[in-house]
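Order as written gives the chain letters A, B, C and D; numbering starts at 1 within each chain.
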Amino acid sequence: MFTNLKTITMTSALALGAFAAPASAEDIKIGVISILEGAFAALGQDGIRGVELAVAEAGGEVAGNEIEVIVMSSDASPDSAVNAARKLIEQDGVDIIVGPLSGSEGLALRDLSKSFPAVTFLNGSSAAQDTTLRDASDNFFRFGGDGAQWMVGVGSFAHDDLGYEKVAVVAEDYSFPYTQVLGFMTEFCAAGGTVPEKFWTPIGAKDYSSIVYSIPSDVDAVFVALGGADAVNFLTQYNQAGGDKPIIGGSITIDQSILDSEGPFKQQLIGAPAGTPTVSDYDGAEWKEFTASYTGQFPDGFSAPSIFAHHYYMSAHAAILALEEVNGDLSGDQAAFRAALTDLEFVTPTGGTMRLDENRNGIVDNFVTEVFEREDGTLGNRVVKVVRDVDQSLGQDPAAFLAQGPVSRDNPSCP
Amino acid sequence: MTFFLIVTLNGLTLAALYFLAASGFTLIFGLMRTVNMAHGALLLLGGYVGFEVAKTTGFWPLGILGGGLAAAFAGALIQFGILGRFQGDELRQTLASIALSIIMADLMLWYWGGITYQVALPDALAGGFKLPLLGVGYASIRLVLIIFAVVVGITLWLVIAKTRLGAIIRAGVDDREMLRALGFDVAKIFIIVFALGGLLAGMAGVVAASALSIAPGTDLQFLLSSLVVVIVGGMGSVGGAALGALLIGLAEQYGLAYAPTYGVVFTFAIMVFVLAVRPQGLLGRSET
Amino acid sequence: MKSALFLLPFALVPFFANDFWLVQIFGRALILGIIALSLTFLAAYLGVVSFAQATMAGVAGYTVAYFGPNTVDVGREMPFFVVLPLAMIMATLSGAIIGLIARRSQGIYAIMITLAIGVAFFYFTRQNYNYFNGWTGFSGIRAPEIAGTSLREPLPFYLLIILVSALCLLFVNGFIKSPLGLTIQAVRDAPKRVLAIGIPTTPVIVSAYAFAGFIAGSGGILNVWYQERISSFSVGLGPIVDILVIAVIGGLKNPIGAFIGALAFVLLDTFAVDFIDRERFNTLIGLVLLAIIMGAPDGLHGLAKSWLSRFKKRPSENQV
Amino acid sequence: MPINHDHKTANALEIQGVGRRFGGFWAVKDVSLSVRPGERRAVLGPNGAGKTTLFNVLTGDLAASAGTIRMDGADVTQTPMHKRIKGGLRRTYQHAHLFDGLTVRETLFLAVSSVAGGWQRFMPLKPSDGAIGKAESLAQMSGLCSDLGREVANLSHGQRRQLEIGMALAENPKMLLLDEPAAGLSPSERPRLAELLLSLPKDITIVLIEHDMDIALRTSDSVSVLHNGRLLAEGSPENIMSNEAVHDVYMGGAHGH
């Protein structure tokens, strides 16, 4: 293969022959952008499975048109997501893009979509609030909701059911945790709770011990919105330092991989609530069916679909449903297809009814979960509450919600 | 006051970890003038292997040893198979080590996946204890970490000051040509020292995986911290690595405690300041 | 002059290529080539390998983002004919400052110090929200319209890239023959001797870095127009190493190498995923890099040159 | 620091009690010398006598640890190198430090224009400013006329020596310090070098370190001998040749070569 490449580099004349993108008119091309390198690779791979599952369920075709799936990898940076999308559009000639995985990438593709009005973008799992709330793009659809929607139910549960009045926040210093904190605080502060201090830590910080000792001793609980290694590090160090406040988790903080890792901190997590749009061992009938379909299709995948498989699946599934409605007709800059997408209503794997708001952002179901100890001593998450029909304004008047301004380190605030 | 002391203690433990990571890096640099950009990858490899060994044997110290030896072997292999071919051409060595670090990171991601690993500690070290006088809880492993770094530091100093290999290293740092002129098998010595650097990196990896955790990306974090520690302390000086680690570890913890958002930037501010005032680093020799 | 002719094939691309090949492959390659050219310039004529070129380009990019139209709530908008010179000045200045910090360092020491400076800048952009908008950075940056032509259109943008590339090559080739350019090469060969003929070396080194900043800045402006965004990712370790990889695989001895390396890199970066199991293409990139470093010390440019000279043995090649 | 140009009263070079210490070791100690304007002075001494260190102190490559240095009557002990150069001092190096990547023309051009000074040296070249012409006449003086376009890396050893001297002659120097100009030259190249030295303008003061006794004695008016960092003897070439002490420490050593 390397020989080929060198030939192309050396003799541009040869390369010129490769310019014309091969395209067969009948195919519907779906480009998928996910993170297949670095720390997110395993998760990004699961997102791809979600798309493949949706396509497989449709038998690989829509109204006689074959569906071709083309995959590109990004590396979590917005630049790489944009490059991947451009390659898919301009070189591979895709009609639809499903992706990306992370928040900053989502904002970047939202901006890019405005330059390619003939292509329809369906968000993967990226969950930044502004992707659809502010400066929305006509051809960018998000069925999975944003990071604030994913926390709905947790704030009131913590205040009303668990009786917490004062909560400290420890979260990574970038847009996704900001959004999660907003989702939590909107409810929690409205219910009368206070958040005296927020600790924003650089992503990838190894040593949280000094933060641990800075947490005020009079709080009732600590809301932790950290991901992956950061969460493991913080929780371990908090436990080792003798920290004994209950934990409230963000959507990616108390996932199964952390519950499966070793360490005495785990005992402390029992009973910890968290918010998430996807619960791996949810026992709704639709979810069980979805899980069976997933494990049947991908024996080497996870034991149950992750949040990424779920969200990529929903986008691809929605695209296929809308395509079926218009018989695969993508003419006229996909006008009919998009109208079908906009009006789409379908039952999600979690049993709710999915539909879009006027910004083409999903009105989703959200779960409040709780860590519990299984009979064999391992830990799992179980659903304590399902909140149906969560919109992007979190149930508030949209204009008033917008007027609160974009989320940041200091917004919202209720010390 | 209690808080300040705790943060200081945290700074010391972080410094201990940084010292373990940076000492191998500076040793290799001092003797061979090779900026081993694959040092972080060696550290991560040691961490993973240490995890496997500790899990299989259930014996934590064996994990440290296993991780160290695996990285030592990989380091020797790198020097023997690739970097040693361009001895004296430091730029190409550096570039080749960048390529190696990309490959190693990708292969480790393949084998161990993107998840986070923590080495299980023996029960005696797993939890915390109440610090006397201060009356707050503190992690046992962190104190062990400080002791471990001091032991490694003293051992390293003894090796360099008292043994034949140490004498060769000291002579080589001053004048590499002299080693050749005195009839030493320089290629062999370089491989040994690279293995030694790998050993230190690998052990640091297991210790890091015990006290904190390791995951893809840990390699770059420790490579960069080693780089900064060595620039501040003085390139090629083990004592400088200790001093640099102390400064950077403390700065990072004070930064995190008192100004979390700019904590990382403090670290680099120290570095730029040192560079401006004393370009060879605090304990480094002048370049010329 | 001769080396700018090398860009001639690039000028023919618009006759054949679709928008993707025009902008995504050749345009992007030339932009990265310009940034790498600033590294090649320092390496070939000052004898210093710098890791801070993506940083200098980033300074120009951030200046354009902060003072230009963007979709985040940071910065103040100014007309582009003010912003562009400002961005070039900032990039040149950043080069001068980096040169001042690294002035006493050569070889491996310069590598470490410039790398550390680059990473420090990366962390600063990630943490600072007032000027750099932190993690998220700036988006919605648009290339201006000049004389009714939008530079966002593929063809005009590509022609602009070609023009800037050619100018940068001509600048470099002219500059190295100027008295200051000669002095820079003299400092590379024998810094003490330069002092001995009465020239203080610090201003020479600083001006070499500043010139590199100027070149990198031109690439940085084009890059921010190309991406239409800039964030801490754009100045992180990834882009820093990418620029170095480009310069090295192209060859550090000749300015043209930067563009050859950039084209090879962009092709690899875009299409490696099609050639190999998509999860392992970083291994592939690493192996290709290692093979070039080990097998072709002067990069692809050196390789091509030795192949060419094998085919046509012309004795009088040394007349340049 | 401005340098006075008072030729009538001042010696070209006047050093008093100059020393240079490395750690606890004095490489040069308590050396006093005076050299008249236009004089040709050879500095002799066995290896390690401190000759090159003395040169480095005179040019400002190294700071003096003790003593004072006067050139044309002005105290330059603390003056940085490039200012001494502007005052008319030039040197060559024992191991030729040349700009291998440049041509002979470019090298000599740099030597000429750099001394022209100020910020002009960072400005683009004006074709009219005559620096190229001066460079070419330097090439003539140093016998490199036919090699103007060659890269320095391709010159022969002897030609590199000639180029060194050519560079040192740029912009009418007052004083030349030549550090072993004949080192490494083949026997056939040596007479040519001696010719070149003799042909230099007589108003230039030259201080010369040399191992080749023949060249040293042929081209100099007077000789100073260093031993173990100290001044051992001083006088005309004939006197030195017959000096017992010099014979013991130096001539004996020299014959060993």
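Convention: a residue touches a chain if its C-beta (ideal position, glycine included) is under 8 Å from a C-beta of that chain, and two chains touch if they have at least 3 such contacts.
Just so it is clear, the model here is predicted, and its values are computed rather than measured.
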{"item": "Remotest chain, chain B as reference, centres from CA atoms", "value": "D"}
{"item": "Chain A-chain C separation of Cα centroids, rounded to whole Å", "value": "35"}
{"item": "Cα-centroid distance, chain B relative to chain D, in whole angstrom", "value": "49"}
{"item": "Centre-to-centre distance between chain C and chain B (centres being mean Cα positions), rounded to whole Å", "value": "32"}
{"item": "Where chain A touches two or more other chains at once, by residue number", "value": "37, 41, 173, 202, 409"}
{"item": "Contacts with two or more other chains, residues of chain B listed in rising order", "value": "106, 261, 264"}
{"item": "Numbers and ranges of chain C residues touching at least 2 other chains", "value": "123, 127, 279, 282"}
{"item": "Full enumeration of touching chain pairs", "value": "A-B, A-C, B-C, C-D"}
{"item": "Residues of chain B defined as touching chain A within the complex", "value": "3, 6-7, 10, 13-14, 106, 109, 113-118, 120, 126-128, 130, 136-142, 208, 212-218, 221, 252-254, 256-257, 260-261, 263-264"}
{"item": "Of chain C, residues touching chain D in the complex", "value": "178-180, 182-183, 185-186, 188-190, 192-200, 203, 207"}
{"item": "Contacting residues of chain B [partner chain C, same complex]", "value": "29, 33-35, 82, 85, 89-92, 94-96, 98-100, 102-103, 105-107, 110, 220, 224, 227-228, 230-231, 235, 261-262, 264-265, 268-269, 271-272, 275-276, 279, 287"}
{"item": "Residue ranges of chain A in contact with chain C within the complex", "value": "1-2, 4-5, 8-10, 12, 16, 19-21, 36-37, 41, 45, 71-73, 75-79, 82-83, 86-87, 89-91, 104, 107-108, 111-112, 115, 135, 173-175, 202-203, 406, 408-409"}
{"item": "Contact footprint of chain B on chain A as seen in their complex", "value": "37-43, 173, 199-202, 204-211, 213-214, 228-229, 232-233, 236-237, 239-243, 257-258, 261-264, 409"}
